[in-house]
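I've put the structures underneath this note.
Both complexes shown next keep chain A, but they swap its partner, so chain B is in the first and chain C is in the second.
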Partner chain A sequence: MGTVEYIQHHLTNNTIGEGFWTFNMDTIIVSFLLGALIVFVAARLGKQLETGTPGGFQNFVESILDFVATNVRDAFPGHNPLIAPLALTIFIWVWLMNFMDLIPVDLLPWLFQLITGDSHAYLKVVPTTDLNTTLAMAFTVFALILYYNIKIKGVWGFTKVFLFHPFGKFFVPFNIVMTLIEEVSKPLSLALRLFGNMFAGELVFLLIALIGGTLAVGAAALFWAPLQVLLDLGWLIFHLLVITLQAFIFMVLTIVYLGMAHDEGH
Partner chain B sequence: MSINATLLIQIIAFVLLIWFVNKVLWGPLSKLMEERQKKIADGLSAAEKGKHELELAEQKAKEVLKDAKAQAQNVLSQAEKRGSEIVEDAKVKATEEADRIKASAQAEIEQEVSRAREQLRKEVATIAVSGAEKILTKEVNAAAHSDMLDALVKQI
Partner chain C sequence: MSDTPNSQNNEQQNKAPGAAANYLMLSAGSIFTSMLVAGFLVGYFLDELFDTRPILMLACALLGFIGGIQKVILLTQRLDHYQPEKGKNDQES
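After this line comes the complex of A and B, so read on.
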């Protein structure tokens, strides 16, 4: 298998269906399993909550909650009971989906091919390298932004933002274009940033994996195999930072955008 | 890598997950943390209150102690006064008693002396008479000279 085929094979989803009605089963199943994991662990934790002296895992979860709550308090004016759980969901889910990137690139596809018996079965493990996932979250956030804009400012108030923002009443057509771009760029930047970072990270993992796959033949393996391990470790440590940062950015921007939607001053 | 129906599924998954996270994770845990925060705040304020109360009680104890000390001092000085009074009283009484006893003893002695003197007088008279009788023998008659003798007895 050539390098190009190797990479393309890794970046192709396992799909069911045709045209628009195609379902990326790997994306859906992995993200569902991770979501179910969150709910399962949370439900188990919920049964043994302790008020007085929380144990190790509860402490860990509480510190995450505290972290999210602090961010919501800092970036979100006013009070809305939806924001904090939404931010928490984004942070944990995105982090877990990003974390799939740190599992060795060939491990899960290889296991999958072993189980199905099809040596060419596609499996793209990281849901956030699928634009569908990141866009789905971004659109949901965008729907909430629109909903709260209209709820807080009223239809006319929200329209006024389009008409008279940012350059006043003498630039109405220009304002409409500017505000439209501003609003549309919110979900797009959210989705594309996460997708781009994860996709690029996955690609680098694939390239590092190729060192061992293509160059380490015969005696050369003595040189290339340790190099691959070293590079892989380095990128893994760096990427651990990236996946956390991306999950954090998605969460904080969601809070900030929704905060702007709640702002009546515009 | 194209956008397809996966998007719809992921939106549903996302919304469901938000609901679940709120239900099983955020809801109970944030409530618990809030309760704990309140408990800690209550405990701290209670401790503060206790400290304040302790201070007040200490002050009160000090005052009570001071009062008691003053009272004890008072009682002590009163007792001393009373004691010296009693001693003084006893002294006076003892002196009076002693005077009385002395006086009665004096009187008795005087009585005794006068009685002894009387007796002595009588005896002297008798002795004188008998002596005179012996000297004068028959010439002196007791009856005839009793006036003289009486005068003699009185002189003695």
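After this line comes the complex of A and C, so read on.
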């Protein structure tokens, strides 16, 4: 398999269906399994909660809860019992989906090919490198933004934002288009940022994997293989920061956008 | 009496931007590009609606560009207003 085919193979989803009704099964199954993992661990931990001296894992989960709660208090004006659980779910789920990027790029596709017996079976294991996932999450947040805008400001209040913001009452047609663009840009910026960062990260991992995979022939492998390990380790440590930061930014921006929806003066 | 609103205003401007504002600044670049892309998208759909391709698409892209710049300026202005108090920093260090 050539270099281009190798990269293309890794970046192709395992799909069923055709056209508009194409389902990326690997994305759906991996994201569902990671979601189920969160539910399973949370339910298990919930049954074993200790009030006296909590164990290590409970301490770790409590520190994450505390971190998310602090951010919600900092960025969200007012009170809404939905925001903190939503922020926590987004943070952990996006982080776990991003974390799939740190598993060696060939390991899971190779295992999948062994299990299915098809040496060309596709498997793209990082759900956030699929634009469908990031757009789906961003549109869900966008639906909540619209819902709370209408609920808090009322239909007329929300319409007024479209009519008189940002250029004042004498430029109503411009205001409508401008506010429309502003609202559409919210889910776009959420989705494209996460997708772009994760896709680029995955691509760099693939390129590093190619150093040892295709360039090393004979004695040259003695040089290229350690270089690959070194580069992989460096990029992995850096990428650990990237995946955490991206999950955090997605969470904070969700809180900020929902906070703006709750702000009657905005 | 007349000093009160001004001093309140100064206090507000000098307030440290919250963590959330910092992360909005971090994403200023992507907000700018998304405004431009959103402009093209909205314009494209309006063109389809009114059969005026490509006038509205270009006009909306221009509006998105202007709005993107405006948003980035507004975001970065929040940093400009903030000046850490000198005495407080000295004490901390």
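Following the convention adopted for this analysis, the second predicted complex is superposed on the first by the 266 of 266 C-alpha atoms of A that agree within 3 Å, B and C clash if a C-alpha of one lies under 4 Å from a C-alpha of the other, contacts with A are read in each partner's own complex, and residues count from 1 in each chain.
Going forward, contacts are C-beta pairs under 8 Å (C-beta built on N, C-alpha and C of every residue); 3 or more make two chains touch, one makes a residue touch a chain.
Just so you know, these numbers come straight off a predicted model, no measurement behind them.
**Q** Following the overlay on chain A, give me a clash-or-fit verdict for chain B and chain C.
**A** fit
**Q** Applying the touch criterion given at the start, work out whether A:I255 contacts chain B, chain C, both or neither, answering first, second, both or neither.
**A** It touches chain C, and chain B stays clear.
**Q** Have a look and say if chain B or chain C is in touch with more residues of chain A.
**A** B
**Q** Which partner chains sit in contact with A:M97 here, chain B, chain C, both or neither? Use first/second/both/neither.
**A** The answer is neither, since A:M97 touches no partner chain.
**Q** So, does A:F32 touch the first partner chain B, the second partner chain C, both, or neither?
**A** First partner only, chain B.
**Q** Is A:D130 touching the first partner chain B, the second partner chain C, both, or neither of them?
**A** In the superposed model, A:D130 contacts chain B only, not chain C.
**Q** Touch check for A:R193: first (chain B), second (chain C), both, or neither?
**A** second
**Q** Once the shared chain is lined up, is A:V184 touching chain B (first), chain C (second), both, or neither of them?
**A** A:V184 contacts chain C only, not chain B.
**Q** After the superposition on A, what does A:T89 contact: first (chain B), second (chain C), both or neither?
**A** After superposition on chain A, A:T89 lies in contact with chain B alone.
**Q** Which partner does A:N24 contact after superposing on A: first (chain B), second (chain C), both, neither?
**A** In the superposition, A:N24 contacts chain B only.
**Q** Could you tell me how near the closest CA atoms of chain B and chain C get once both structures are overlaid on the shared chain, in Å?
**A** Here the least C-alpha separation of chain B and chain C stands at 16 Å.
**Q** Across the two complexes, find the residues of chain A that touch chain B and also touch chain C.
**A** none
**Q** Using the touch definition up top, name the residues of chain A that touch chain B in the complex.
**A** These residues of chain A touch chain B: 11, 13, 17, 19-24, 27-28, 31-32, 35, 38-39, 42-43, 45-46, 49, 51-52, 61-62, 65-66, 69, 82, 84-86, 88-89, 92-93, 127, 130-133, 135-137, 139-140.
**Q** Show which residues of chain B lie in contact with chain A when the two form their complex.
**A** Residue list for chain B touching chain A: 1-11, 13-18, 20-22, 24-30, 32-33, 35-36, 39.
**Q** Enumerate the contact residues on chain C facing chain A in the complex.
**A** On the chain C side, the touching residues are 18-20, 23-24, 26-27, 30-31, 33-35, 37-39, 41-42, 46, 60, 63-64, 67-68, 70-71.
**Q** What part of chain A is in contact with chain C in the complex they form?
**A** Of all residues in chain A, those touching chain C are 71, 74-75, 166, 174, 177-178, 180-182, 184-186, 188-189, 192-193, 248-249, 252-253, 255-256, 259.
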